[in-house]
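One chain, chain A, appears in both complexes that follow, with chain B as partner in the first and chain C in the second.
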Partner chain A sequence: MNEPAISVQDVVREYRRPRTSLTGPTPVVRALRGVSLEVGRGERFGLVGESGSGKSTLLRIVAALDTPTSGRVQVLGRDVSGVPERRLGFLRRSLQLVLQDPRSSLDPRMRVGDVVAEPLVAQKLPGRRERVREVLAEVGLPAEAAERYPHQFSGGQRQRISIARALAPRPQILVADEPVSALDVSVRAQVLNLLTDLVQRHGLTLLLVSHDLAVVRHMCQQVAVMQDGQLVETGPAEQLWERPQHPYTRRLVESAPDLRRALDRLP
Partner chain B sequence: MSAALLEVEGLSVAAEGRPLVGDLRFAVRSGERVGLIGESGSGKSVTALALMGLLPPGLRAGGSVRLAGRELLGAPEAELSRLRGAQVSMVFQEPMTALNPTMRIGPQVAEVLQVHGRVPDRRSAWQAAVAALADVGLPDPPALARAYPHQLSGGQRQRVVIAIALAGDPALLVCDEPTSALDVTVQGRVLELIRRGLAERGAGCLFISHDLAVVADVCERVLVMHAGRVVEAGPTRRVLTRPQHPYTRGLLAASDLGRTDEHGRLLTMDRFLAGPPPPLTEPAPPWQGTAEDGWATSGGGS
Partner chain C sequence: MSGRGSRRGGAAVLVGGALVALVVLMALLSFLWTPHDPTLVDARVRLQGPSPAYWLGTDRFGRDLVSQLMVGARTTVYVGLVAVGIAALVGVPLGVLAAMAPRWLGELLMRANDLLLAFPALLLAVMLAAVLGAGTGVAMVAIGVSTVPSFARVVRAGSLQVLRSDFVLAARAAGRRPWGVAVRHVLPNVAGLVIVQASVAFAIAVLAEAALSFLGFGTPPPTPSWGRMLQESQSLLFTDPRLAVVPGVAVAAAVLGFNLLGDGLRDRLDPRLEARR
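Let's turn to the complex of A and B:
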């Protein structure tokens, strides 16, 4: 039982671009160039990088929504890449996703209760109504929310709905892709507090992707920095922040908007 | 104190009788960078659109907006379109939607110069456009002028939008979340570019953002907007280090991810706000700001 929650070994992902000429070779985009990492059970692991660095590709591969060109991915000790969907039931139950923009990840035509129940339906889990009420309460939404539609909620509440949906099948691993970057600062802290509470209460493993170092620093123990499809630095969050080793990490830390630094510069 | 470039007095915006923004008053002087802080729904973007005369149908503005002494509200569209791009221009959040996807970059920049009669003919418009692209630090401007927006990165696209906004040498630049869609390492350089462009032209700026760190980086004075009203205004340093209004205090606390309470939890807004904000249909709660804070325009008290 001491195998890691997520293990990624030397994963490469290449995409072919559409041909630009009839005779020339099809251009290849190397989205991931040999990425290896390990997320321990119960660990809160952060993945930082800019747009195009490959972090979302890596998440998709870990969630078996995409297959690597080469390399191996294991979740809870079992292979997930190249495995047919019908044998991924364990993964769909144990690993759940929270995406950036709840406006596009929630079906506008479905009532919130049905949205949250979706993973339960997909996995044929019993006691749906009861579970929906439970998880809505856990994310701080009233039971009546189940009868309403996503557009009737604010951005922060919609992200609570996505979190409730992710929690519904009682996963062990929560993968969150920029969960607060579409939210206002005023609700960001609330949603991060909620995630922290849930991770602690249920002993979840958290894989959090963000371009915002401050979010990752607050939420995660271990952080990996990604650039151009490679991990350039991995280490404890505080260490990366205080003593970044790689020049790219240093640049990220320095360019992160910082209120105190900005105020110090003001007359 | 130099004369105000932009004077906003009693500006209100309403949608079919429902008020969105109530009784705004503030001024921006030439060369001054004023921040408008607020969260989505606070009315900051609607305010920007009202200043530009670009409110969508169904929204109506009342009060007064004067640019260099000229009243903009109710001015005929022909006059407004002469002013837009030449006297006042705008940088939007999402450069992909601000640019025309079917048009090459160069002509989009050249268009502004030609429309406002800055250049005598098409040929010099093209040259001026390439120079404008070079001016915002884009690599290989002649080649870039022939590219389409989708061929550029997000940061490059925003530089193009800034080049277009600055092409007419406006006296006032309105920026609505200009770097919120950009990566952090790009953000700093784009902000620097905006600051430089403003300084070179001695232009004033109304800078809208929800990001306090970005506003502190750019603006010398700020207005904090909440539920359609400005709740606090003053020099950036004072407002962000010694906030008076509970909403500003809450916003500052919630923005600080390095600060937690005794249980290791981030501070949230609800600790600071007693209840929902008063509706705009009711009179504003008393405000203790002074004319010195830039809250009132010259002569007007509060």
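Let's turn to the complex of A and C:
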């Protein structure tokens, strides 16, 4: 049981663009160029980088929603890439997703209760009704919320719904893709605290993707910095924050707002 | 927000809905009551103008125009319903399939679909009628089959958009298989598009049925049909234009009604517009 929760080994993902000329080769875009990382069980791991750096691609590959061109991905010691969906039951039960924008990640035509119950229905897990009420309470929503539609909720509440859906099948691993960057600044802290709370209470492994180093520093123990489809630096969050080695990491640290540093800079 | 949304396309839906309701009510009422027997030939009242007994007058066989119009509406609604039903029943699954299938299969389906789309509906109907014989059933099938591609196309485009959405990604991560995604996410989200398309297709079906009957490939006599009323008025067009104007206005009103309804509903139901609200 000592194998890591998530293990990514030398993963490459290339996309083919449509041909630009009839005779020329199809242009290839390399979204990931040999990425390796390990997330230990119960660890909170942050993946930082600007948009287009390949973070979300990596996340999709870890969740087996995309297949790498080469390389190997294991979750809880079992291969997930290139494995047919019918043998991914363990992954769907143990790893859940929270996506960036709750306006688009919740089906507008589904009641909240059905949204939250979706993993339970899809995986034929018992005790739907009670579980939905439980997880709604856990994210701070009333049980009546189940009867309403997503558009009747605010952005922060919708992200809570999305978190409730992820928690419903009692996963061990939570993968969150920029969980607060689509939200109003005023509710970001609330949702982040809720997420931290839940991860700690249930002893979840967290893989958090963000462009915001400050968010990652607040939530994660380990951080990997990504640029142009490659990891440029990996290490404990505080170490990266205090002594960034790679120039790109240094730039990210400098661009992150920090009260103490801002005060230091005052004359 | 919702106030603006509910007003959008309001007038079109109202006028279109009223015209459509008029046609449907006329058809329903004809089962219970018509002023006269629409097929009763009476030489004594040939080509009469409007009068208290015959509100819109009679044709050259002395048949009451109002009664013919009412029973003709029945044919129109019936043919439209069955044709649109066939088109939706085949076109919607085809569109969803083409969107969810592997890329090469989806493309293959859509190219075949384009081929069918390029083929004029009326020509197909005439061909079918020539092979199977003229009749209401043949007309319905022909109109239905030739409307399938437009449904498939619209539904595929809508489905592709739904399949790219984050909520489908989340559903897959939750363990939904393709079938579950299709039934629980794709179909409910393209339903609005299908309703709009059905309304527009209904207008086309009304027109096609009239055209087929006019050409003699549709509803056979003695069953009244708007298209055949037009055809029969042809030889008297200059002596008694009323005979052409009455069914002509009926066809135009029905087509306009379904088109307005479709346009109005599109403004209300289009998920792309809704997302921007």
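Convention: the second predicted complex is superposed on the first by the 256 of 267 C-alpha atoms of A that agree within 3 Å, B and C clash if a C-alpha of one lies under 4 Å from a C-alpha of the other, contacts with A are read in each partner's own complex, and residues count from 1 in each chain.
The rule is simple: contacts are C-beta pairs under 8 Å (C-beta built on N, C-alpha and C of every residue); 3 or more make two chains touch, one makes a residue touch a chain.
The structure presented is a predicted model; accordingly, all values stated were derived computationally and were not measured.
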Query raised in the report: With the two structures laid over each other on chain A, which partner does A:217 touch: chain B (first), chain C (second), both, or neither?
Result: first
Query raised in the report: Given the touch rule stated above, what does A:189 touch, chain B (first), chain C (second), both, or neither?
Result: first
Report task. Figure out whether A:263 sits in contact with chain B (first) or chain C (second), or with both, or with neither. Result -> first
Report task. Could you look at A:14 and tell me whether it touches chain B, chain C, both or neither (first, second, both, neither)? Result -> neither
Query raised in the report: After lining up the shared chain so the two structures overlap, which partner does A:65 touch, if you call chain B first and chain C second: first, second, both or neither?
Result: second
Report task. Check the residue A:119 against both partner chains and state whether it touches chain B (first), chain C (second), both, or neither. Result -> second
Report task. Considering only the touch criterion stated at the top, classify A:38 as touching first (chain B), second (chain C), both, or neither. Result -> neither
Report summary line: So the chain A residues that chain B and chain C both touch are none
**Report entry** chain A to chain C touching residues, read off their complex
**Finding:** 60, 63, 65, 85, 89, 92-93, 95-97, 99-101, 103-110, 118-119, 122-123, 162, 165, 169
Query - Residues on chain A engaged by chain B in the complex (per definition of touch) - result: 50-51, 155, 184-190, 192-193, 196, 211-215, 217-218, 251-252, 255-259, 261-263, 265-267
Requested in this report: Can you check the complex and tell me which residues of chain B touch chain A?
Outcome: 39-40, 154, 183-188, 210-214, 216-217, 220, 236-237, 240-241, 250-258, 260, 264-270
Report summary line: The answer for chain C against chain A in the complex is residues 165-167, 169-177, 180, 184-185, 188-189, 191, 271, 274-275
